[in-house]
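There are two complexes below, and they share chain A, which is joined by chain B in the first and by chain C in the second.
Let's turn to the complex of A and B:
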């Protein structure tokens, strides 16, 4: 009762007992988790709206809410519609007899990977005394000990303690986290070597100092949960610390426009990429994040030709702190297709080496990571999975800013519930566990390096997929041999 | 010497330390059994202080220069030579509650339920980890070793 920020549990003095107001409960399970005697159970409330196949309770409630308010329905986190999860229809290969499998506990297994532009060829020169030197200048790279990074989540959308948890976990494991578009709180400056800074359409907190504060810069064009639309942080949430990092006055609305108003073409994108490269003295990779939409392959190819060192593709199941429900649920394409067609297109154009591909949007476990990499990714971004490791129970009400778990809130009473020491430990544990599993599966396939898995679609087989889907994914149906 | 470190920035004011302290003082230890079957429950020796979003759990600080020890006329309040913690000898205590008056943190309580003695945190000397530390879901109370 004391802990619920939504006031769902309350004490009635006269009756001397605790009651629950069901309509206020968002199903975040915090009270359940904190109760020491397991006396609370959060259950599905079977209310009496007919579960018709076409007019589902979800649609009815949506219409009722909108009839009352006349507004856009808001929601949070990733798409929860039962669209095909192609990851679930792809199976992996393993070695039997003809090619030996590898035991990752006894033999070396390389899952380190590098994000950034690779050279077409390497030239070496030999000195008179016989020492060999690399003649080619290597473009700046991000070194990932695990091919999983924490995706962009801004200070504002999540609490400082949540970002600190991810930052410390990234440092422990040797990977990267992303500041999101909300600028850089001074507490994060020490994480330079594990930080990617983002430049989005609002350009909040962007300065030459900011661009140089991380290891890479990422230009955000779109987000999987809400392709084509911007963001709006209401003025009430722009508190003193948020205003300081975003560099806007306290209490003003923080509006991220839908497009970057200086980018209306690939040529414009190229200008911004090179402006950032100039500002960072060509020492840092510059990436471009786009949402997976119908035309994703040509757009990604354009971005690579514009000079992007890595491309992030965010699929339809990507999460968000707040988005119109209608956009989140209906705009974009599944990430599996997006990564497959982008990888294919870049290979056909002969520019695959010029940029790494990072995949985001609904990666749930290490098998999804492996499938994404085999479809052509270099690494993946996780957001929802990372937040779940911090306590999130996917109640999908981040936009209310009252997160009981202290993640998607700025209320000091709630943010202190997330101890970044515990958070960092848990997030790092998640990455370590996935790393073990990835090694295990790679070993089973007889592959000893993650780089040999990238784009290796022979290790994938589709189950229950149509011919055209298999063709787009570039994989064979289950049962077909090499 | 072991001490309990209070980390106010992570305390959510859930008061689980208080009920775990009560349970730690009772033999069964199990929360449900304690609250359901133990007739006379002891007072918690940890108190959660609250003001708006500032919350923290406070128990005996085992001061280097303890006022309660000076105020005690019978010598019931003493420093445990082994652990360095301040403890009450229930045999000697006469219940004058001068220690309650003297404590600058207000963490010694009158024990009105049994006899007349004062009740205070003994760092769970007979238990492994103190109940409040074990029961804290957010590591806002941690057990640390400090040098003498």
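Let's turn to the complex of A and C:
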């Protein structure tokens, strides 16, 4: 019973037995998973509060908590409200007769992806003797062997062992992880070739050295879980090593302001992008991450014109280490719409080639990846799925810093539970498995390179969607031929 | 409508050849993307000597099995030597009114030097459903920021997209496209192909998997002096179309062949890339091969794939692309459709089947099956910059 950091199990000396305090259990299933005799089962506890349709227990408990504390309700991980999932209303195509499907185990199947600025036209010199020479200087790119990256999760919000797991997995598979707004612990320096460093509004740990420590720099404007507000690392998680990397005192809340205080408009964003490009000698792509909000398409177009080499769009399902529940649950738009309208808008403006699109926010499996790419993404970011591969059971209490799985905590007793060797293997396995599945689906479509899937909305069909939704997604209804 | 479709379908099942006689209007494939399988053939005299269309007709007739009578066509180069400096528009009209509308538009922008019906001959298997007309044109006023060719392209785009019932089959100089619904030999007879002489001929025999009644849906597909005949299905159509939109091309026909024509126009005419380089964009080498190339080459091919990924043609295809100076045969990246090439003296032959070559050239100097993604390129001697005659056999 020492196992539970939330104290849900306790030992009564007098009675000489173990009791469970149900209300303390967050449902992380850790005790259940490690119990050698399989004596523990974590089950849903039927609630006393009447489950009314409008006044659900969730609302009642929220009101009770707020009546007691007068505070904002905190939560963690992605939006769990039963909003409509458009991914689940989109189906994929496959070849029959007129176009042979391709077996990815026998034929080449290419899913390599480059993230960064592309050219509208390549200048190429072709000599009379047949030698061909590229004259255009190509902008710096990130090379992904699998079009899936690990999204920004800071050192602080998750443990070093969790980050190391993802970093090693990224290196093994040939993709990238993102430092988040947590600065750079020295243990990550060796992962330069697979690392994206983030610059957010708190500027924690940002220095010229930091900007050059990875392969790309990402400016975080917003996050899908909490569009419009800043970051919050509770003081409980700011331990000695965290305080060192973030350059703030131990035990203080690390608060990132809602806006960047040097970005009050798009021209300021341009200045920051170019300041970073200068600082990194134009050798690294600079990306901009925004939350998917109503106006996402023009905002993304503005960021591209401001010089962003890639745009990250984080949808309403995006995860977080800590966010006000009211924001997480109610602000933002589904990522499916966001990617569709951003891709279309950039194409209409003739600037789609100027930046790659990376999509984040609730990507659950390889089908979501394929659908996102067919809607127009170049690659996707996963956060929640990556943490689940490390053991997370989505108990949504990361903000307490007591994660039994050693992921979202800085308590050394808990973090040592996560072995980065094993974690790396599991996270890498996940990406490999998805890569296999993506290839399988591509082969079924008779396509052998992912660039022929990217933005190819003809491979998608909507089921049970309204006409205006189909129009926004740029797809046809199921049953309609090409 | 539903009833009509069903009726047509039932009829087709009974007797394909009956199609041309007494059917109500079929479903125009203008509005649908129709996957189709086909036979293609191309013959070129690299010295520019003109020869009669009989040869290509014979080659196509042999591949009758590859079509089902629902579409065939020919592209011919060098057929109008007396008017070779004028743009020749081959038009399909649904009605006199459509013709009037289109002519009004054309008159506004071009001087019409000649205007005449395309000569045809009665054929029992071909039911003429369109008005077929040709114009020899000289552009009147070209906006300063446009090249003459871009201007012609924009005219074609406008007519095809905006003027209902009017369709431009071809729009190049000293060349023309003749196509319709029927078997290749019937279409040839109908259009009096035997009376024309050209130095490049390409042809197509269609096996669409849908009923089609609109002649514009047949191949070759043409824009300016570019023509494309195509056997296959472009699975990347959805993104190819969107890639082209960024460069001002509007795909109005829902045929995947259309995107091939626009892609070669973009890369070869507008960007000035060679046919060989263009082939390496449309059927890009595999990453595993690119990774093994020497550095300079690796950089080039990586850049091509990175930047022009949206132009990659995916899915099975064998295409023959031609313009006034050259003819190119190209297969998809893993050769999922047949394509054979041969040479005899200054003749280059490319076809779906070796037999279609041997029927007109029994003893070629060389015959080979081009490798996946490797183009076969024949360039007119007068247009050649180098001594390279034919490429393809050895990569």
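Following the convention adopted for this analysis, the second predicted complex is superposed on the first by the 469 of 482 C-alpha atoms of A that agree within 3 Å, B and C clash if a C-alpha of one lies under 4 Å from a C-alpha of the other, contacts with A are read in each partner's own complex, and residues count from 1 in each chain.
Definition applied: a contact is a pair of C-beta atoms (placed from the backbone, for glycine too) under 8 Å apart; a residue touches a chain by one contact, two chains touch by 3 or more.
Model, not experiment: these values are computed from the prediction.
K.L.:
For the combined arrangement obtained by superposing on chain A, do chain B and chain C clash, or do they fit?
P.N.:
fit
K.L.:
Per the contact definition in the header, classify A:250: touching chain B only (first), chain C only (second), both, or neither.
P.N.:
The answer is neither, since A:250 touches no partner chain.
K.L.:
One more residue to check, A:2. First (chain B), second (chain C), both or neither?
P.N.:
After superposing on A, A:2 lies in contact with chain B but is clear of chain C.
K.L.:
Touch test for A:326: chain B only (first), chain C only (second), both, or neither?
P.N.:
Neither partner.
K.L.:
Using the superposition on chain A described above, determine whether A:64 touches chain B (first), chain C (second), both, or neither.
P.N.:
A:64 sits against neither chain B nor chain C.
K.L.:
What is the contact status of A:37 with respect to chain B (first) and chain C (second): first, second, both, or neither?
P.N.:
first
K.L.:
On the superposed three-chain arrangement, identify whether chain B or chain C touches more chain A residues.
P.N.:
Touched residues of chain A are more numerous for C.
K.L.:
What is the contact status of A:422 with respect to chain B (first) and chain C (second): first, second, both, or neither?
P.N.:
first
K.L.:
May I ask you to decide whether A:433 touches chain B, chain C, both, or neither, giving the answer as first, second, both or neither?
P.N.:
A:433 sits against neither chain B nor chain C.
K.L.:
First (chain B), second (chain C), both or neither: which does A:95 touch?
P.N.:
second
K.L.:
Please give the least Cα distance, whole angstrom, that chain B and chain C reach in the superposed model.
P.N.:
In the combined three-chain model, chain B comes within 37 Å of chain C at the C-alpha level.
K.L.:
What residues on chain A does chain C touch that chain B touches too?
P.N.:
none
K.L.:
State the interface residues of chain B toward chain A in the complex, per the touch definition above.
P.N.:
7, 9-16, 19-20, 31-32, 52-53, 135, 137-140
K.L.:
Mind listing the chain A positions that touch chain C in their complex?
P.N.:
Residues in contact with chain C: 95, 97-100, 102, 107-108, 110, 112, 114, 118-122, 124, 126, 128-130, 132-134, 136, 138, 141, 347, 350, 352-353, 445-449, 451-459, 481-482.
K.L.:
Provide the residue numbers of chain C that touch chain A in the complex, in ascending order.
P.N.:
These residues of chain C touch chain A: 32-37, 209, 232-233, 235-239, 242, 245-246, 254, 271, 273-274, 277, 284, 286-288, 296-297, 299-300, 302-310, 312, 314-316, 333-334, 336, 385-386, 388.
K.L.:
Please name which positions on chain A make contact with chain B in the complex.
P.N.:
2-3, 33-34, 36-37, 406, 411-413, 416-419, 421-422
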